[in-house]
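Chain lettering (A, B, C and D) follows the sequence in which the chains are written, and residue indices restart at 1 in each chain.
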């Protein structure tokens, strides 16, 4: 068979207590798209870090075009033809598009030690064409949308193949998790053209996407590659089983447990609008209801969510909680009225990483644990322990720093925080972004638990599927306005196609 | 060495550094080891510690308070100016003045969203003017009988230990409790570690910040009162050249200037380290010309040892 | 002036990026209302004269602050270089008479001090705040030791020309400051170091992944800053015709204030040397104005403080800094 | 008189602390089992000068004077610098007293007048001898701390400033406006010198007017900027510049030079630093006052040493030998040559040669 572009042979990597990679072998051929899936903690990111030169393997070797190389740094990986598109965005808002694309590689534009901006911008424009992005290279990335930055990230990786001799391998780590349908389709088109020039490793939690785009799929579990299969004759269910290593005991979105909301309205918007974000938004949210909001980036649904939680302020219209008009001047006003937000940027807004699990859980309800001005640590510990068991949070103890937990467990801590705070309305902004299938199911389970207890949930799903599966009702937004409303009772769910029609 | 052992050692490092420094000086000149000397060295450290203890909170939030020196001076002026008429009341009044100054600094920094570095620097200008006003730009003498009546709690003596030390110890306990046991203290840590997450959790962060600055001003006020008591007078320049040493104490103690990690006792030890280095140089007869140089490099070396890098990702 | 602040394109943002200039103009108008002499050519020259040294110092400080670090060694480095340069030109203590050749030497010494800052900061992994504080102490200490506390007087007129000389009516020091600004601007905009320090100031981890040599860059930037302080020391010596350890007293906080008033964020990544030039003029004009307006001496510091708060509140572009420390 | 009573109160308070410390000191005995380094063997007196900072010319010479005297009698000598931090100054002195076991002769220029009382009390407690200079509270007197508080020497800022101000007036013809740079507002010398200036101006009954007074905090740089602003505000109304010390004077002079006015607009300062003297020769300074810090630095040790070694009994000395003014030498255009040719000499045996009367307290 042909020479693999990139090959990993019997690589192992251990850390105190864990074996992150256990004798992993893996290869990718020229022009091939290989999917790499696995739950968080399965070893995907460790493998990427090895390929990216952040980790050095304890055993085994990495070969590029059949030659063994020791990758010393992300930069070295890049120069050896391995480009990585990070899950955490590596685009710097303070620099221009061009400067970001060529960050650390300015030498080719140096003239007498000075950077020629004109040449740099020209070269950047070339790269932007490849991702069908029309933004001006001299623009500051701070002024760009999240999705555009993601595209620039990819352009940065692509800039490699016009610059080095060896074949290029591009590692895409969760590239779609922040993209909306439209951009995803674009991305897939790009990957299509890329196949002539490069090989791609595609990492995602969205199994259907993986199957759609990949030729082969590797499944990782517990630091090992447990399965290698051809995409064309594999199914999502199959992949899923290999990942979690068990049968799906019951159906994914727990539609069976979908509660019928009570008539009681807990939150109501009347002609709510915020200049440049959304306008005349009106809806009612009932006790025990999951209200899904679908829409592409820029549809204004994120702005709406943050506005409802008091992070930003409406310019007009009314917001009513339990029938009384409220004006949220800040997040703490919303919390006081029983409205909480599970933010999409978990690491930044969701958690205080150095804080312990317990400290994070009680953060929004601290006064409840204070007697005589002093925090009652015993009470705090007890409550935290209770929620750790209720939400099946995998943590050594309630004193462990939350930052050290896996994404899924971190998200559960955030949810526990709001449950302890006793909110009645919880807004979930991409609650399952970047967390593994196992934890996703747990989160869905939790959503059902909450509604069963009468909480109302507003859901900005990570995928359309999710929105459809979980919601009682669905609002579709486009350009800051509500373009459609769907009832989504169990059995009578609208299809993706129906929604997309109103989204774009 | 396991992670736990390393972290456990990490917490003791400031004390170890202090012990080593004391040993070095003491072995060079045994008279340093006399109990009376330890007592006076510690007593001399307390004003510095009192001032630094408040700033510690602000630094743990990731901010900084550059107004404490001016605030302490102003407090000394208020005390000296009103002790005659008001008696004991002059003490809370002086401390209150400090609190107010801190409050204004916090207000400016949060409401106008000005970096605390500049906000407090600017406020100290205002405070200096205030100090000049209270003292009529003179240094105001505190008559001995008044100081004996009203300020003995600060400069007198109990159980063979100078009262400065009792005062310092009391505030060491109080401030540690505030930081370690109260919701306020936890929020201070939280803001230093990840402010946005604290905001998103529905906490009134501005209120917490202002409270921290106010507390910092209050402690500067207390330091100013004790200083005035010790020197028997108040003056608008009384606490000059205290600011940088105070911040040095905090950092030498191992509290991260970037916020999030730290504690009051670390500042206490840091203050002792700074003092022992200074006094040690006098004991070892280091030339006055060399002292600044030695002092500078020992500070850097001490921080290099005591700083808890495990919890600080990027060192700026 | 090149707009520096990254604004989100809305009107406020656009206004913000020019705010420092607006504040400066407003201040000038205010003062000239009190005292017409403010708007005379003579005073213009005097303002430039007072601004020259702070501007040179700010060029260095801005780079450090853009990296998200801080530099408290300014006074120490300026004192040391001022003393050294005064001893190398014709003076009343040492036999040397290198005249202008002394300048590169002194500037180089400044660079060395800067490198020392950087190396200690990076190799010992100590916060720049503490490292530079220590090196600053040491700098003043060495300066004091060299002179044994006395003052060295400069009788070298060629050297004094650096401050006293006039070209086209403009003092030499101002021309030198202008060149310093030009150099700093080119470094910031057109060299890799310049771009990299923005990257580091914005997100060091990402910069590291992009293959930027973080350690080397940080050390070099501290070194470059040191060069500017060294030049500042030279100008100070030339201005006062003497060198002594206290020549730089009070330079530190005025410099940093100017940088921040100009709109550069202490958190790093946002700002520019051009902002700092504006910042210096705001501070200098303010000090000059308080005397011109005859503000009561002992409230001056207070008024200055309040006006600084006002200036920063208006000038600082916080459109992107969601949390202000 | 009230202050007496208060002192006794304080002294008692100190006494009881002291006795207890004595008890505690017993613990310190184990120290003696350590090998004692040479300098630790204090058989004779250790001499020390304490001042703000060795980085300024005045105090540098002050320290030199101390060193010279110590050399002349072959004693160990130390210089202490407060670096402007009162607490540091006091605790350094404590440390030195501790180290020398009280056998310390101290000549101190306190950082701020309040410090003097604490320092004196500490020295008395330890049984050393101290002379203070310049700064002390008015109600603190050597004779209240016999014999340890040997003397306080100062220079009367008021007549000095008045005299030098008159030199300035002379230089520009005695008619017109002047500007004045003051020291840190609350410093005693700054206050006295301002007072002296005001007196001088008053005596010209209207001929000389004070256009503006600004405190430049003894800082050359501030003086420079303020003077520049004055030139804008008053232009050629400025006939002369009065600076409360030479450092600020030099700043002002350079500002004038920048505007081509050096030598045209006379400047006066106080302290008599070399730079000022040279400026006088160059006709740019109208005058300064030389304190002869070598003398104060040495004599502040010589007097207590004489007492400690039994040459004199300070308690028997008259009050004008306990609290006295030194002599400042007015250096002006006419006297500068003479001043340079025969610089002031110091005779450590003639202790009060330059004392000019007992200190007077105003207000």
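Rule of thumb we're sticking to: a residue touches a chain if its C-beta (ideal position, glycine included) is under 8 Å from a C-beta of that chain, and two chains touch if they have at least 3 such contacts.
What you are looking at is a predicted structure, and each value in this text was computed from that prediction instead of being measured.
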(request) Name the chain whose C-alpha centroid is most distant from the C-alpha centroid of chain D. (result) A
(request) Could you compare the number of C-beta pairs in contact for B-D with that for A-B and name the larger? (result) B-D
(message) Taking the mean of the C-alpha atoms as each chain's centre, how many Å separate chain B from chain D?
(response) 31
(request) Find the geometric centre of each of chain A and chain B from their Cα atoms only, then give the gap between the two centres in Å, rounded to an integer. (result) 44
(message) I'd like to verify one number: the distance from the centre of chain B to the centre of chain C, where each centre is the average of its C-alpha atoms, in whole angstrom.
(response) 29
(request) Using mean C-alpha positions as chain centres, tell me how far chain C is from chain D in Å, no decimals. (result) 34
(request) Check each residue of chain B and list the ones that touch at least two other chains. (result) 132, 137, 196, 199, 289, 291-292
(request) Could you tell me which residues belong to chain C and also touch two or more other chains? (result) 140, 144, 148-149, 298
(request) Using the contact rule from the top, write out all pairs of chains that touch. (result) A-B, A-C, B-C, B-D, C-D
(request) Using the touch rule from the top, collect the residues of chain B that touch chain D in their complex. (result) 26-37, 39-41, 44, 47-48, 132, 135, 137-139, 141, 143-145, 147-148, 152, 156-157, 160, 162, 227, 230-238, 240-242, 245, 275, 278-279, 282-283, 285, 287-289, 291-292
(message) Help me check something: in the complex, which residues belonging to chain B touch chain C?
(response) 61-63, 66, 108-110, 112-119, 121-126, 128-130, 132-133, 137, 195-196, 199, 244, 247-248, 251-252, 256-259, 289-297, 299-301, 303-304, 307, 309, 313-316
(message) Quick check: in the complex, which residue numbers of chain B touch chain A?
(response) 2-3, 177, 181-183, 186-187, 189-190, 193-194, 196-204, 260-261, 311
(request) Provide the residue numbers of chain C that touch chain B in the complex, in ascending order. (result) 67-70, 72, 120-121, 124-131, 133-138, 140-142, 144-145, 148-149, 204-205, 253, 256-257, 260-261, 265-268, 298-306, 308-309, 312-313, 316, 318, 321-325
(message) Touching residues of chain D toward chain B in the complex: what are they?
(response) 2-3, 5-7, 9-10, 13, 16-17, 20-28, 30-34, 36-37, 39-40, 54, 63, 78-81, 83-88, 90-92, 94-96, 98-99, 101, 112-115, 117-118, 137-139, 184-188, 191
